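Chain IDs A, B and C follow the sequence of writing; residue 1 opens each chain.
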Amino acid sequence: MSADPKGILCVADALCPATAELLGAGRALADSRGEPLALLLADGAEAEAAAALGADRLLLLEGPSLAGAPEDAWEAALKPVLEAESPRAVLLPGTVFGRSLAPRLAVALRAGLVSDALTLRFDPEGRLLAERSICSGNAVAEILVGRWPALATLRPMAFPRAVPGQKKAEILRRSAPAAVSKARVLSFVPEAAAEIELGGADKVVSGGRGLGGPEGFAPLRELAALLGAAVGASRTAVDAGWIPYRHQVGLTGRSIRPRLYVACGISGQIQHLAGMRSSEVIVGINQDPDCPMMKLATFSVQGDLVKLVPALSAEIRRLRGA
Amino acid sequence: MPLNLLVCVKGTVSSTSGALRPEGQPLSPSPLDEYAVEEALRLKERVPGSKTAALSLGTPASEEPLRSVLSLGVESAVLLCDEAFAGGDPVSSAYLLSLAVRKLSAAAPVQLVLCGKKTNDGESGQVGPALAAWLGWPSACAVRKVVEVSETSLTVERALEGGVETLALSFPAVLTLTKEINEPRLPSLKGKMAARKAQIPRWGASDLGADAALYGKSAATSVVKTAPVPPRAGGVSIPGNTPEEKARALAEKLKEMKLL
Amino acid sequence: MDYGLTETQQEIVSLARQIAVKKVKPVREHYDKTEEFPWPVVEEFRKADLFGLYLPEQYGGLGGGCFELSLAFEEISKACGGIAMPLGTSSLGSLPILLFGSAEQRERFLPDLASGKKLGAFNITEPEAGSDATATKATALKDGDHYVLNGIKNFCSTGKEADVYVVFASTNPARGPRGISAFVVEKGAPGFSFGKKEEKMGIRANPTYELVFKDCRVPAANLLYKEGYGLFVAQGTFDMSRPGIGAQALGIAQGALDETLAYVRVRKQFGQAISSFQAIGHMLADCATQIEAGRALLYATARAMDAAMKPAIELALKERLPVYDAMRKLKTRRWTKESAMVKVFCSDTAMKVTTDCVQMCGGIGYMRDFPVEKFMRDAKVTQIYEGANQIQRNEISMMMIKEAASQGGEG
């Protein structure tokens, strides 16, 4: 436990939307106590762009490159830096990187950790209080982190993204000790860039059992392309081999909260709802008006999705053409 | 050289029950833990002579999920069970599990611990990597494939947000797995009968030599309150006699909300 | 209804249900369409130990009886009565060996059948010998320490895929029905081949083949029981196997009703769910009541029969006797009448229930996209095979008359 904690420190492995969310959440927390906000990145990242995202300080970690390094290497490199910085709270992204590293840091620092935070605030004593979803999205728990630093990973899309501004962070360099990792990254193969990543997607068009087969996704992809949406799927569709696992939304897939979620032919089993029920606007397209998804939906459209989905695409094209 | 493989299994209430409080409800292995069990059994088949064991932390009711793991072919199980363990958090649970791994390793060194990526109740996904950190072992989360396994290391593949990463870990190590990795088997009746008779030792705080400052009520985080998620406000049914009419009505709504 | 199942029986039901839901239901349409043999599902049955449910532990079985087999057969049939077939046909191949085989024959054949490493099958039918098995034309003439089989058997379920076949042929045509004998023939025996594959109305996931014997030499050690006892072997086997057909039929009926109930609750006509119409409600009620009545009869019969057979099987294992001899020693009663009652009642129920289910589902129910018509097609055979229901009724009434006569009643 740190005796005199101060400030909010965001840790990121790359400059991406999740990093902007870290700084959005971090800024609100820092302002609530009038404490500084810092962003820690591995050296070699886009420092100039990162410095414009509203942090007061940008810490660049020098030393053996950590970009793409395994989590035990990050843990070893960050531990002394965090001990020296003594922040009140450390925020990490809800990505595989953040979810893997945060628990290791929590152990290394004997700190407390909240995963997948939906909201963050400090209590009057400056301890972190976070809300998170539990029990397949049926309940929200409020967690108190009783020690400093308080660690949290953020649920993707739960916090406003910081936008680049005029203010530039002070850039500081911190040297990291050479760490020997017992893991070694052999390769990284980027996915097709054309595909919008599900976790950070603003809009998602998702399909389930009602599509009837892999070919049922074709009109959904067309609608998704028009909307600038990612393509999601229910477990049934994934298990049937109609679409790869990385598209699966739900308890055993991804938990997402886009602004718009269009569920086509998904009845809405509890495990699926767990992964998307906090989406801002839900559109349900289904034959069965009484299924859970149609009951949950902001807008429910009853009917044959084979006709409805292309009709919606045509209508959007018409509106844009006009 | 054969491997000693250990699976961490949490007994939880089925998600479909919708229950927020597990008291009195039957427990089963958390869904993703079933994939970890299956992968352990497959690794055992890949490296002949290997052994599998299961480890759970929970109340006496967690014996049932351990029995169901045994019925699948895992050879032995240990339940970490002590009233003093109550009130902990995922990091403190990982601490207790790490002590059990050390204790088991003293008899026969454990090379690999497998966990589900997250449980269906707490959903924190912390236990696997935290366990690795307590042990000082390397870890890889969200693994979807074990590409290669040798006597001293293994190569795994996992999907990150932007692509697919392949990494090698030297033993001992901890993996957390996604459901993509395999399709869990069903038990056999003979397995079920044997599991019913199996002895499952229970280890408490003193068996583990646990430091009271690191578990139970001393955990760094605590749940202040739990509340059911309020139901969403009632939705609107989109009217229309034809698909085109319905599509038009929906598109208008989405446009109003600046979603187009 | 709570039938007071033991822990093991509950586990059998629960595991069979998991297999039915996870492994059978998703593929039933495929196998019905393609008529392929569902090897991946059979492998699941094997891994779950379902093939050994009713066989003694000494041979690697689970030591249960006809009741345990019925529980599993019913659960799997709820998903697909066709894919469930190997459970039934392998028991038809194993039971004559268990009941009439010598200790050596039991040791030779039962372990692989109990583990599911080998599948069993049974074939008594011939083109000219259907309900009338006494008309068997296939011959098995002794030649040294072998029998030489010639002839054609047909309608063999799980034909070609099974490994161990119990078949019937005459060792002494002059003696007519008393010349028929039962043999165990293994796949690969020289002179044993498979003829025509039938195209069927239902249970299409299970192949029905013609078995062709052309100077097929079978070791004398493969004769079951004694020469001339073939029809005895068949009847004794049917006494124990027919409740299994009842279980399959009930599973088919229940599966159809479950699909139907789910559909009529969401299907709306005249502005309301059709389940709210009394015409549908009464049909649902009758279907459920008939199924439950059949189940009560099946379970009661299977349990009573298992309890009665247990001492005979134990004695046979202990003294290395054929079970049939042990039954005679202990004066164990025959179950011909009761097992025929189960088979008749459950299969007639299945036909009626599945027909009504198609009716309740209307146009959709008649379509191949929807599973209910398949249940109706699958149900039909349960009224026909292992003795047509008309033959079952003959047996029931014949036994009634015999019993009345033996009790000294007026003729």
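What we mean here is this: contacts are C-beta pairs under 8 Å (C-beta built on N, C-alpha and C of every residue); 3 or more make two chains touch, one makes a residue touch a chain.
Small disclaimer: the values here were computed from a predicted structure and weren't measured.
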Maximum inter-chain contact count - chain pair: A-B
Chain at the geometric heart of the assembly (C-alpha centres): B
Mean-CA-position distance for subunit C and subunit B (Å): 42
Inter-chain centre distance, subunit A versus subunit B - centres from mean C-alpha coordinates, in Å: 21
Distance between the centres, which are taken as Cα means, of subunit C and subunit A, whole angstrom: 56
Residue ranges of subunit B in contact with subunit C within the complex: 185-190, 192-193, 196
Touching residues (chain side subunit B, partner subunit A) in the complex: 15-16, 18-20, 31-32, 89-91, 94-95, 120-130, 132-134, 137-142, 144, 155, 158-170, 173, 178-180, 214, 219-229, 232, 235-238, 243-244, 246-248, 250-251, 253-255, 257, 259-260
Residues on subunit C engaged by subunit B in the complex (per definition of touch): 7-8, 11-12, 15, 18-19, 22-23, 44, 47-50, 53, 62
Residue ranges of subunit A in contact with subunit B within the complex: 16, 18, 68, 70-72, 75, 95-97, 99-104, 106-108, 110-116, 129, 133-147, 181-191, 197, 199-200, 203, 227, 245-246, 251-253, 255, 259-260, 269-271, 274, 277, 281-284, 289, 294-304, 307-308, 311-312, 314-316, 319-320
